[in-house]
Each structure stands twice: as C-alpha cells, then as structure tokens.
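Please read the structure below before turning to the comments.
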Amino acid sequence: MVQAYILIQTEVGQAAEVANRIRGIAGVEEAHDVTGPYDVIVQAKADDIDALGTLVVARIQRLEGIDRTLTCPIVNI
Amino acid sequence: MVQAYILIQTEVGQAAEVANRIRGIAGVEEAHDVTGPYDVIVQAKADDIDALGTLVVARIQRLEGIDRTLTCPIVNI
Amino acid sequence: MVQAYILIQTEVGQAAEVANRIRGIAGVEEAHDVTGPYDVIVQAKADDIDALGTLVVARIQRLEGIDRTLTCPIVNI
Amino acid sequence: MVQAYILIQTEVGQAAEVANRIRGIAGVEEAHDVTGPYDVIVQAKADDIDALGTLVVARIQRLEGIDRTLTCPIVNI
Amino acid sequence: MVQAYILIQTEVGQAAEVANRIRGIAGVEEAHDVTGPYDVIVQAKADDIDALGTLVVARIQRLEGIDRTLTCPIVNI
Amino acid sequence: MVQAYILIQTEVGQAAEVANRIRGIAGVEEAHDVTGPYDVIVQAKADDIDALGTLVVARIQRLEGIDRTLTCPIVNI
Amino acid sequence: MVQAYILIQTEVGQAAEVANRIRGIAGVEEAHDVTGPYDVIVQAKADDIDALGTLVVARIQRLEGIDRTLTCPIVNI
Amino acid sequence: MVQAYILIQTEVGQAAEVANRIRGIAGVEEAHDVTGPYDVIVQAKADDIDALGTLVVARIQRLEGIDRTLTCPIVNI
C-alpha cells in the first residue's frame, strides 16, 4: 500500500468545485481547499506506485478544472 | 479581521486592466501593477480566513484576465 | 479553529529526524516523510491564523534540521 | 519616485525579528509577517530604480536573518 | 534611462518565431533563443521604469506565442 | 555529440500518451512517466547544442499534450 | 522494483565531485552533470518506494556537497 | 562557439561585489546587477558546451558570494 499527498493547482475560480469532485473518487481519503501556491490538497492511497500514478492521471486529472497536480508519495525511512 | 497580500499573475497583456477591475471589489484596499514574477499585487481584508478565501476564489478569480493568484495572509506573531 | 498543511524542506539527510521531532509538538496532528520537492508534510491546527503563525515560527521552525516551511491554511469556501 | 513591494524569505524562526528590524529603515513604509512562500512583505519607496536597488542590497539585505529578497517595483502602465 | 533583461516563456513550438517578432520592436536591443526554464532572453531599454513596463505589457506581451514574461531591470548599486 | 535530459510537464491526463509519442522521435533514447513536478523525463542526443534545440522545439514541442519542456544538457566538467 | 530519476542541486563548485561520489553508491545506475536549474541528474533503482526514500536520504544526501534533491519515481500508467 | 546567459543568485548583500568579480573572468562579456528573482545576469561564451560548464563550475561558482547559478545556453533554431 502507498499513501500520498497530492498538491493541486486548479483553474481560477474552480477550487471549491474541484475539491468536491475529488472527494467522490475511490482511493481519496481527504480533499481540502487551501490558500497559498496550491488550491486543493488531497490525501489518497493505492496498491503501489503504479496504481497511484494511474489514480492521479486517469482519475483525478480527468476532472474538469484541474491545471496541475504534484504527487508526493509518503515514504517510511 | 484578516488582512492579506494577494500576488497575481495575469494573462499576457492584461496587467493594467486586471488591476483596474480589482480596485472595484469590496474588501480590496490597494492594487498595483508590478514587474517581476507577479503582475499585480493586491492588499485586501476580510472577516476571517474563510471569508478571505471566498473573496479570492469567488470575486477576484472570476475577473477576466487572471491566470494564478497566491494569497499571503498577514500574521501577528 | 484554523487547520493547515505545512510543507517542509529539511536540511539534507534530516527528513526522518525532523518528522519525528514535529510529531511531539502540541497542535500537530500528523507528520509524514514524502518524496518530491518537499521532505515532510504536516497537518496541524490552531485557534486562529495568528496562533497558526506562531506555531510555525516559534515551535516548528525552532527545531533542528528545518530549511524552509510553507504553510497552507485550509479554507471553507 | 519609485515604489516597490519587497517579498522576503527569512531564516527559519526569524520572521518576527526581521519585520521589526526592517520597519526602522528609512524609505520603508510597511513591513508585515505573512504565511506562504514568503515570510515578510515590505512596501518601500526610493528616488529611482538605482536607489531602490541600493536600499535593498545595502540596507535590508545587511540585516541579520534575511535569506532571499525579491523586489517588485510598481509600474504605472 | 532604464535597461532590463526580459526572460520569456513561449507557448510550445513558438520560440524561434517569438524571438524574431521581438527583434522588430523599438527599444529591443537583442533577443536570443535559449534552453532551460526560459525560451527567449531579451535585452531592452526605456526612458524609465514606467516606460519599461509599458514596453513589456503593451508591446512584447501583445505578440502571438508568449506565455509569461519576467522583467529584470538593471540596477547600478 | 550532445546528450540531454528533457523534463516535461504535460497537459493534465496526457502523460502516458505523451511518453509514447516521444519514444518514436529520432534522437530520443528513453522516455518515462514520473511523479513529482514533471510528468515525463526524456533522454535524447543530438549533433550539437543547436540541433538539440531544434529537436526539442521543432519535434518534441510539436506533439499534442505538451505544456512545458526543460532541457538539461549533459556537460563533462 | 522502483526506478527513479533524482534531480540534484549541489553546493556551488561541487557538481563534478558530487556526480563522481554518487556513481559509487549501490542502486545508482547513472549520474551526469547537467546545466540548468539542476546540477546532477541520477538514475537509480530500489526494491520499493520506502527503500528508494532510504537510498536518497540515508546514502545520497549524506554525501558532501549536496544542497537539495528531488526524487521523481518512474510510474507505469 | 557557445554563448550563454548565466542567471545568478548571490548571498544577501553581495550582488555588487559579485558582479565586479565576474567581470574579470575570461569568457565573460557582460555582468549586471538586476532586481527580481536573480541578482546578477552574465553573458559569456566558450568553445563548446563542456567548456561552458567548466567556466561556470570551475571559475564563476568558485567566487565568494555566489549562492546559485542557472546557465541558459543560446541556441540557433
């Protein structure tokens, strides 16, 4: 199991709608609007790093209103 | 009351118009065109951090010609 | 109550120690090592935006091994 | 006369002291601690762009606790 | 007189055309394609900082194929 | 001969298709999807720095789905 | 097995020495000096994402002359 | 022959001294202090991309007061 924070920049004026849409995706645990260089921060989990990449590219990035995503996998070191 | 600086990147060629439009929004105290990585810097205030977020997303980002905004709330530490 | 994600860059080789030290600070809910442009991501809460600023500057930034912090307050918009 | 916003990153734990020190410099109109990628935002003025550069490099950057400054001159376009 | 370097990011595939178009603008002294985070670097001069801002926003940014510009005025300190 | 890494940001949802398209270009040795601030990392070679610039601007940037590229030539120092 | 590109910023003047030191670490396949915002780009592999994090923090970041590292795991999507 | 712009971030308070020191290096054609995210911008030339890398790492980065350099080779495309 891999967990990750996903830092998202949305198109202008879309932050609230994007957070709502993301909350409905399987594997997403939390999604919040934030201020600063990112607009939405998501916590998600997947079976492995490839499944995490697929969750981001094939599910989250397909939503309307997303400009850029930055995936930060959690590591236990 | 929360005060903030809002650093704005506009679409190319839109800096002067964007600053003018922003000056008319309630809660905005100053808006200036600048050179450097940002195009317009705004000073604004709101009742609390949520109202500040709403001012940025629902009012400022709805204006034509805005590409990205970066909100920097003032803190008294 | 204000909640925030705090994105942290540590000095090289210090990520694991920094995450451990941060977990012991009052107001910190979670702290994880991550890969990518940040080394540790923290979730924290405080009474208001000023208390959040104080938590970051007077408590987290005083720890050994921290290079930069980026505070992203959660907003309900 | 040239006016500018100066966006400052301080060394960790130094934001409050830096803002206080900067407020005492001639030409500085305001200096506030903020959250986000910058730690202190300053408003200042000088006779021309060269004097502004000197104010930043010879006065502000000489203060203890400053890591990086980013000068954004106001332009009337 | 103010001189400046202007660091330009173009739309993909447009770097050569943008550099050519910029060379024809009054006040532009040199314009070169480069590799790295910027696509074209321009050297230009104007009467003062306001005229420089106008040159960038009203002339250079109006050209087709420009995505972002970053103006760096030369200072004599 | 010049070799380079090319760090690519794709349009959202396009990372896998972009990597596939790039693998078919002459001079490209490897192209992989990655997580983090870049979406695809490419290794390529060209006769000299000008040919490398042409490969990036005239071939890779002409593909559908590319948002930004960052070319990092290998140097032997 | 997880593969990754590791983008490294070195202390000034240390790029060649850092690349040489990294080539001797188990799990590192290639390490090259580059120009641009990064100084050295490394290709490495590890058993899983946690082992990759340990390789970076406990081995690479312990070398002299490293300022920041940015790990980009390869994903098959 | 390869020409390049080198964008330099100096240690705080060192911009003027760094520009002066760089002007004395063989291969450097111009060096100016600027405002914005960089402190000094240099124009230089070298026999090829490897000689350019050596000029930057072995000569410019060895000077006192340099924090980061970003080399942008000119390409004819």
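Which chain is which? They are A, B, C, D, E, F, G and H, in the order written, and residues in each are numbered from 1.
The criterion applied here is as follows: a residue touches a chain if its C-beta (ideal position, glycine included) is under 8 Å from a C-beta of that chain, and two chains touch if they have at least 3 such contacts.
Since the structure is predicted, the reported quantities are computational estimates derived from the model, not experimental observations.
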item: Reaching chain G from chain B through chains that touch each other, fewest steps; value: 2
item: Comparison of A-G and A-D (more C-beta pairs in contact); value: A-G
item: Interchain centroid distance [CA atoms averaged], chain B/chain F, Å; value: 36
item: Separation of mean Cα positions, chain H and chain A [Å, integer]; value: 39
item: Chain F and chain G, separation of their C-alpha mean positions in angstrom; value: 20
item: Of all residues in chain E, the ones touching two or more other chains; value: 15-16, 33, 35-37, 49, 52-53, 57-58, 70-73, 75-77
item: Those chain pairs that satisfy the touch definition; value: A-B, A-C, A-D, A-F, A-G, B-C, B-D, B-E, B-H, C-D, C-F, C-G, D-E, D-H, E-F, E-G, E-H, F-G, F-H, G-H
item: Footprint of chain E on chain D - complex, ascending; value: 2, 49-50, 52-54, 57-58, 73, 75-77
item: Touching residues on chain D, where the partner in the complex is chain H; value: 49, 52-53, 56-58, 61-62, 66-73
item: List of chain H residues in touch with chain D within their complex; value: 9, 12-13, 15-16, 33, 35-37
item: Chain E to chain G touching residues, read off their complex; value: 35-37
item: Residue numbers on chain C that touch chain A, as the complex places them; value: 3-5, 7, 15-16, 32-38, 41, 70-77
